[in-house]
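Should a chain be cited, it is by its letter among A, B and C, assigned in written order, with residues numbered from 1 in that chain.
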Amino acid sequence: MKRLKKITLADIPYVGLGTPAGEWFRRYWMVVGATRDLYDIPQRVKVLGEELVLFRDQRGELGLIGNHCPHRGASLEYGDIEDGGIRCPYHGWLFNVHGQCLEMPAETRDSNFPRKVRHLSYPVQEQGGLIFAYLGPDQDNPPPLPKYKALADSAGQRSLEATRVYDYNWFNFIENGADPVHFSTLHRADPNDGTWRSWFFNYKDIPHFDAVETPYGMKVVSRKPGPTADTEYVDEKSFALPSILQIGDTEFTHFRQPREALSAGSHNAHIMFVTPNDDHSFTLFTVNHYTGSDPEFFQKLSPSRKIEAEAEKKPYDQRKYAPFRGNVRTEDIACQGTQPVLDRRKEQLATSDKGVILIRKIILNAIRSMQENRAPKGVLPAGRAHDVVSIDSFTGVRAKGLA
Amino acid sequence: MKRLKKITLADIPYVGLGTPAGEWFRRYWMVVGATRDLYDIPQRVKVLGEELVLFRDQRGELGLIGNHCPHRGASLEYGDIEDGGIRCPYHGWLFNVHGQCLEMPAETRDSNFPRKVRHLSYPVQEQGGLIFAYLGPDQDNPPPLPKYKALADSAGQRSLEATRVYDYNWFNFIENGADPVHFSTLHRADPNDGTWRSWFFNYKDIPHFDAVETPYGMKVVSRKPGPTADTEYVDEKSFALPSILQIGDTEFTHFRQPREALSAGSHNAHIMFVTPNDDHSFTLFTVNHYTGSDPEFFQKLSPSRKIEAEAEKKPYDQRKYAPFRGNVRTEDIACQGTQPVLDRRKEQLATSDKGVILIRKIILNAIRSMQENRAPKGVLPAGRAHDVVSIDSFTGVRAKGLA
Amino acid sequence: MKRLKKITLADIPYVGLGTPAGEWFRRYWMVVGATRDLYDIPQRVKVLGEELVLFRDQRGELGLIGNHCPHRGASLEYGDIEDGGIRCPYHGWLFNVHGQCLEMPAETRDSNFPRKVRHLSYPVQEQGGLIFAYLGPDQDNPPPLPKYKALADSAGQRSLEATRVYDYNWFNFIENGADPVHFSTLHRADPNDGTWRSWFFNYKDIPHFDAVETPYGMKVVSRKPGPTADTEYVDEKSFALPSILQIGDTEFTHFRQPREALSAGSHNAHIMFVTPNDDHSFTLFTVNHYTGSDPEFFQKLSPSRKIEAEAEKKPYDQRKYAPFRGNVRTEDIACQGTQPVLDRRKEQLATSDKGVILIRKIILNAIRSMQENRAPKGVLPAGRAHDVVSIDSFTGVRAKGLA
């Protein structure tokens, strides 16, 4: 019997082919592109260390195949989309979206060699403007792509943010989502500025929070007493396996409003799909799903998103990141981007790291399930293909004590 | 008896000191510079992984010596050419073109230490505007520098192109020369555009070709029926060991002319000398040798060479290389430059790769000859120093069935 | 008994934690910053391979602590200086200059966890505008910071030059200081230009020099006959352990004056503190200490320092460094920066390398002392904390035969 490698926290960040976390990730559908950003030219993508090329053939079908032509290795990124597939620029081999070779122009017309060549290809599906791929085993019979409510719900409005690439390990980013404390400290502002954010995430009075395992992963729920005795203010964020974060608010919605505005409840789910390119960088795909009543919600949001606080830079300030007080995105990048990778980081965890501790445990358990040939948490059995996966997130006032 | 390492294709790309291909390369004279580009300052060159400095002393003699001064390692690239040699900038040690130390200014005048210091140096010779060096064993008695017809022929006109440095393995470039199929596919154009190129290298009707071993290496000969029953259109390209390619045409001569113009035959040899700098980059020295009757051939060519087709770049096109349809140089770089190095490349070769298969075999045989202490193909015995090495290349119409 | 590693010259350049030279360096106070350049934001510094952050707290006390927060590794370079220390931006942990954690905002107020967390910190002291740190063992009882005359002397005027970072190994720079020969050759000029420099460091008549061990390190003394029978022209430069150079002149003081001007003697000490950042780069902190009678010495110097000879660059000159004849700083960088690191450098030393040979021997002896648990040369015992360390340097005329 093959002995399984005993995995530890040190394994989590590394996602290459054959690594424990890499094999685990390959059990899930992962976002590899956005419908809006895929044009009539091939798009090279790096996913879990694999060099691939994403394209849409002339009939509109999506393909995700190995970037290097199986003939002599030229990059298909420079291929031509034509004749029912993508044609390698070098010697003209033509592949369809399934990686099947259709033509080799320099071979005799009766050659059966094309038929025998099947290039690496992965199944691809679209949902809510994002393109998902499955890089795991049993490709002819992959698990169902979960119907994420924020993407699949026909109600509401959706807005896709700009795709972003970050130059540090994906897990630094993920942990941040299970850590509401950083919100009260890294993003701290004047506690008396009258905003919801400064009142709730007051760094002089950090809210209590719980970290709770869920069927899809986990959530962290922070609470403060509400305007009435039977209500409470709540901020609830979730992590869904393998690498999805969802929050109920962003700095652009309730964040800077007075707390009274929160009584109307939370109507925007901000869902973030993290795809490791390799061990050193990841791509972030973010969708906002608004289910409130304002038909011009995103148009109204747009101007406020353009204004991001920029502290004045002192002439002697030579640091890589600009001073960032008030710019949530820059603040997060500066902290996560300077953390060493988990296994090379010295740490002293405190009680307020309970979210971080739980997210690590859930991922380790999922990797172990995969190693034991059980479906890890978040991978759906075929029978549940039609379920809608609703990830919990909330910002606002609600009845006390909801789970 | 020392056992020889059993070499394979995986050894071909690697040229460092002590590697099989590195030792094999060192049996040949290699181009290390161009007369036109060597001025009154030292020129640092990297050849087969060795850091050297090329210079011409005040009497006009060429020297190629180790770049780091044998005294304390400062770079002779910043040396002064004076007093019969090159003087290290740091402590003034003076070396002649043979690496012999002539002066150490801070030692006593009667010191015999200068006499004892002989710095690494390699024999150098000029031919047809190029500077060749021999980095191999038995330096006092190197094999003769072959008289390449395109360089040594006193008839005809010569034109040296700009020296170019490429950032990928030299062998990706060389294989391309033994592969006429890429011409019909990578460089494909509208088959009806009326040019010789599109008619002959028609990707809907790729010409048959033969790959043939020759005394100096090999050639690939492509053929289509000629204007009369006893003639044929021919495109013939050669590879000469260790890393020379010669073609009978370029995109700037017959390439874009109507096929009728080809009847006048081929009068331009386009010879390319590839010098590996190391395993990751190489330098290309190219000479055109025209033996036709037009006294202004190169002047007339000049304007047409300045116009290279540039496809319009789409605003969403983020690829490293610009779209290249019609720009032969860019097309080639994009394909060769994206191929992984031979030993890390997955391949599936077809019958139309017979040129590539033959070039690999010829190089492997040459490396094995070297390992067995026989002169590898292309290294001339002393007795044949005066032979002219004529490399076959042709583009045009000629009598049927010539070898 | 633990066997000590037998060290060789090859060990000198490498300064990481646990290496022989790294451990030796950690027995000395080293310059890690300049008072003038430390503002109200944290300053990241790399010293002997360690990533640290230097800051001054609100009371004016200096701290040098590990750059990565011991909690979860975020960079303290982006911390806030407030509340009696530096606060990590990520979760608000607060550290004082001794690395003691003072606050963890998200823990309960009665938690004793902050008290238990002591972050890496090193003792820091200021002297003459420079900030020194001690990275060695026994931190509560470090050896005294030597009172370097050029920094600590209350007489005279001081001028701190711009801090410079170089991208090569620190020892290439240090050896240069023990090598007066390079002065006569690398910095050679027209011997008849009428300057002191060209007359004394005449490369046709290089002065004799002695290399002499001193209590603090060594010095090299070059001599030529003086204007009278009982005098001599002298250039004296010193090396003090671990990595200090001091010269009696620079190109900006006597260097370009006629030799007669030298009769007034040498009144400027140019002291250079070299701090290895790691094995590949170092930082140079330079102070001039003038003890002559001109109250406007540095103001007068200022314009002449702005004019540095720049040879005209030839259009075909592609070298990394510009032609440098007459620019002492550029000349030195070009030579030292192109030398391979000592252990990867091929060398053939001559009699005129006696300064270089002695500096290596003195450093090896000092490393061995450290290995044998004796204080290496240059580390003062506690009882000599109030001694002034006077490093010898001189340029000019003085009585013959002074040691």
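Descriptive notes on the structure:
To be clear about the criterion, contacts are C-beta pairs under 8 Å (C-beta built on N, C-alpha and C of every residue); 3 or more make two chains touch, one makes a residue touch a chain.
Everything numeric in this text was worked out from a predicted model, so none of it was measured.
Overlaying chain A on chain B by C-alpha atoms takes a rotation of 120 degrees, rounded in steps of 5.
In a homomeric contact, the two copies may use the same or different surfaces; for chain A and chain C, under half of the interface residue numbers are shared, pointing to different surfaces. Computed from the mean C-alpha positions, the centre of chain A lies at a distance of 49 Å from the centre of chain C. Shared contact sites, meaning residues of chain C that touch two or more other chains, are absent.
Listed in rising order, the residues of chain B touching chain A in the complex are 179, 181-182, 184-186, 188, 203-204, 206, 314, 316-317, 319, 321, 324, 331, 334-336, 338-340, 345-353, 356. Listing the residues of chain B that touch chain C in their complex gives 37, 39, 41, 44, 68, 70-75, 77-78, 89-92, 104-108, 111, 113, 117.
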